[in-house]
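Below you'll find a set of structures to go through.
Below are two complexes that have chain A in common, paired first with chain B and then with chain C.
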Partner chain A sequence: MSATSDLANLDLVARRLRLKLIQMSHAAGTPHLGSALSCVDILVAAYWNVVKVDPRNPSDPLRDRFILSKGHAATALYATLAERGFFPKEWLDTFAAHGAPLAEQPAPNCAPGVELATGSLGHGLPVGVGMALAARIQKRDYRVFVCMSDGECNEGTVWEAAMFAPARKLDRLCVVIDYNKWQATGRSNEIMALPSLRDKWAAFGWTAHEVDGHDLAALSRLLKNVPDGSGKPVALIAHTIKGKGVSFMQDDNNWHYRIPKPEEIEAARKELGLA
Partner chain B sequence: MRNAFAKQITELAQRDERVVLLSGDIGNRLFDDLKAKCPDRFFNCGVAEANMIGVAAGMAMSGLRPVCYTITPFITYRCLEQIRIDVCYHHVPVVIVGTGAGLSYASLGATHHSCEEMGMLRLLPGLAVLAPADAMEVRGALKAAVNHPHPVYIRIGKKGEPVIHKTEPEFQIGRAISIREGKDVCLLSAGTMLAVALETADLLATQSVSAKVVSFHTIKPLDEAALAEVFTRFKLVVTVEEHSILGGLGGSVAEWLADHSPAKARLLRCGTADEFLHETAEQEEAREHFGLTAAAMAARIKHSLG
Partner chain C sequence: MKISFSTKSLRETFGQTLVELGERYKQLIVLDADLNTSARTVLFKERYPDRFIQCGIAEANLFGIAAGLAAQGYVTFPSTFAAFAARKALDQVYVNIAYPKLDVKIAGSYCGMTATECGPSHNCAEDLAIMRALPHVKVLDPGDNYELRSMMHAMMAEPGPVYFRVAKVNAAELFGPDHNFEFGVGHLLREGRDVTLFGTGFMTAVALAAATLLDREGISAAVAHIPSLKPIDEELIVRQARATGAFVTIENHRVFGGLGGAVAEIVSREYPVQLEMLGLGDTVFEAAPLQDLLRHYELTPHALAARARALVTRKRRATAA
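The block that comes next holds the complex of A and B.
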């Protein structure tokens, strides 16, 4: 479908993407479904309402960059890019198959629209900072969006980059933290002293907002407002639910690793209101 | 060497608007000229090397030619995964320059020594590893690296190293430079040990041993043609480096030799031992500790020749 900002349509897009991720996880036997479901609305708001990219010219030097730094949620990025027309949807059907373009986590230049090979956490933001600095040097006015997980904020490089970007006044840079309160083996607020993420990013020199990470309108509004005129980079602390959209997956960290069974896919389909 | 680096990077940045220098909070005043001439292409990235490498990779992905510069152990060991993934996995043209390599900062203790980093970096796919011998080779290496469309690591010394080349030699990545001819033994030297290798050759000459000396400035990719030649011509080939005998030039040549036997020559590796240097020492004293002096190496070579 073509880009649209109609919220009802976008809600339907998000639900269809969720079902696709569940099917992909089942077909390929790959984990991290909860993490992928958690960031779907962030991707939909960004790719349908905000990020200036052209699927017919995916390497345009002037395009906005969107980096999904939490590479373990790659199915969400792949399904989003396919839906936006960057590559054929059939590619999703061979996800993680031997020799297929889409691996369990993105490889460099694996598919049009994938900006970075990710999988090891804490790499997306420093690279995104480099892209934003390059834009300034080359006098280009694209923006850089980096979506990270809350567990990813355990990594020291996140905070190195968080200190560096405001010092360089990179106001065309935006991080979105998919704050679903879980990391691989426990509550992210307990494993590390994450709270308050908003205060931390603000203290590091960013304009920091908290937002419902499943509210497409609110996400779109804040993402569109980059740069926000303050001269600072923008951090969105997006409160999300791991496994969002399917009652028996929501906020259940077993779905970091579990693979859905056929009957679970059907139950999910019903809950998502899809025929 | 670092002054040569500063002058050369300034020249390159003036000529090529893709060139950007990222420094890890070192080089006080060293880059004033660059900052004056290209103010938008110098970034002090602070004491945050892992971020610096990621930033450089992002710049390279956007069409720039970033050069990262700080003290060797911090720009290598500290951020190995960033070099591996952001730079090498994406195979983008980032130049990483480690200053004060080997035992240059011996007096600062083992935190500042780097006698293992070539071995570690050499394993990364697609990364060229260079160890220029003097200020002239630093200039050549940097020019070659910035024009190389792939990742490059360069280790250099600090300041005041002897200048061997009277003029800038033609520097090609992966092409060793013959410095002196000889017929009994061949010394392959990496980095700033070239001056000591030449002293060793002088000392051997007084003992009727004729030594060829080569600046083997590229540890990866190896100059295999040069190796094939010297292992055919000489009965003893000696590697000389301010680096562990594991993994660096000596280690690389030993691996090459294992795949290319029978060679008629023997290999002798001079380098640092598999240990941290715990004693307080200046660079000269540290080299002495590891047998990296002309006297010690000449004696080993004489003994090996029998």
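The block that comes next holds the complex of A and C.
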């Protein structure tokens, strides 16, 4: 699979990745499947159409940085990186096993392409800001993308960093919020006054767009447009569906913790149109 | 007995040494959380504005940004008060810095009781315990200006995270300009037979003064200075345990998990001895000038000498019996 592909192919890639995440959750008995399925299209659009990275040279100092700050959705990142050739797909088979490279939440330097140990929420953006500052000091033009969850926007550090980045005109920094309207224990818009996320990020000095977080073309177009010439960092409020791609998982928050059974994997495979 | 303090504050030395290191190491970046005049990082800011990052009153963000820069090859010095580094931003220090072993050198100023009149919200009697408990983090409390400077040079040559204290005091001079700090090395400043007084940071000067008092009454007290709490000089501690059989520790910190705790962890395993710890108990450092605080919490040479005297008396009785 080449790095740039047409949308039909990318749709197939996304469906394959979704099945893989379901299989990984089952095999390892790990939760957060709904959260992982939610951000697959964001990762596919980024890693196939936007982020300048080379699997053969994963530490290239000039590469774009992509941070999955919602570390609990690590399966989505691992499956994406494996599919893009950063490491053998067999690594996915030992996901979450003791001593295996891919842990339930990403460890430091655990695998080529993983930029940051995440898991404790609200850390990705401040570190991403540091990386963007490093690029500026080094006079390098790489970009930094940080994918966060909507629940993660409960964390105060998100807003500390949100206030800081525009003050430094870090216009090569982009936040993508996987806005699936759920967090672990309830509706994210009810637990915290999140709406309007677009207005909040705009008010903090970011160029803020709302986008269908499952529209690969729209996501790719907006992500490619970073920096957008305004001098501001960019925030994409990506409206998503938790558990996206499988009817009986979609928008059902039980799948924050539930582990799929073998018959559910088969049902999902059929729905995803995969043999 | 009074301690004679230096004319120069540790924080001034901190600021000046940053400037010195900034000249030599172009990959050094200093970050601040709106305290650069108090913490004296302003000296670096004036000299190297391009390598100084003002993060605002947002300590969690400060450490996250410091980690992001360090992950791209910089050596970063995020600076804030000890209270905010150890208490407010602990998860950032752990997840972003300690866990990936990044080259981040954390300066905790106004540590222990040295925020003085600012009171319990700013005083921090638990930073050594908290930082010592983190994986991969080296923990240091310099005894004087010479040692702080040498320590900062040493940490540039030592990859990985360091937490070091910059007390807001004019610490008494223990050493001279050729003093050489090494990680995990303590210093026996005074020989003695009956008891060893252990100090860290500027409190070692109190131990030295106490030893002089004890000497006048026929008690021979050794004084050991422990600037590196992690790694710690186990060999020195065990040697002193065998030589004197009785320890008193004194620190600008709570008696849980700091110098006393670190020494106890070693002797309880290697060579148990009678051990008394002087420091703050299960309470807060109240708001007051430094000298009042030292008296109030019994961290003076007289108070230390009294505890050591009682310990030596018990030891002598036990030996006689």
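Simple rule for what comes next: the second predicted complex is superposed on the first by the 275 of 275 C-alpha atoms of A that agree within 3 Å, B and C clash if a C-alpha of one lies under 4 Å from a C-alpha of the other, contacts with A are read in each partner's own complex, and residues count from 1 in each chain.
The definition used in the following text is that contacts are C-beta pairs under 8 Å (C-beta built on N, C-alpha and C of every residue); 3 or more make two chains touch, one makes a residue touch a chain.
The structure presented is a predicted model; accordingly, all values stated were derived computationally and were not measured.
**Q** Putting chain B and chain C onto chain A via the overlay, clash or fit?
**A** The answer is clash.
**Q** Tell me the contact category for A:Pro88 with respect to chain B and chain C: first, second, both or neither.
**A** neither
**Q** A:Pro108 contacts which: chain B (first), chain C (second), both, neither?
**A** both
**Q** Starting from the residues of chain A touching chain B, keep only those that also touch chain C in the other complex, and list them.
**A** 61, 108, 116-117, 120, 123, 125-135, 137-138, 156-157, 160-161, 163-164
**Q** State the interface residues of chain A toward chain B in the complex, per the touch definition above.
**A** For chain A paired with chain B, touching residues are 61, 108, 116-117, 120, 123, 125-138, 156-157, 160-161, 163-164, 167-168.
**Q** Give the list of chain C residues in touch with chain A in this complex.
**A** Residues 29, 50-51, 53, 55-56, 58, 60-61, 63-74, 91-92, 95-96, 99-101 of chain C touch chain A in their complex.
**Q** In the complex of these two chains, what residues of chain B are touching chain A?
**A** 20, 40-41, 43, 45-46, 48, 50-64, 66, 81-82, 85-86, 89-91
**Q** Could you pull out which chain A residues touch chain C in their complex?
**A** Touching chain C from chain A are residues 61, 107-109, 115-117, 119-120, 122-123, 125-135, 137-138, 156-157, 160-161, 163-164.
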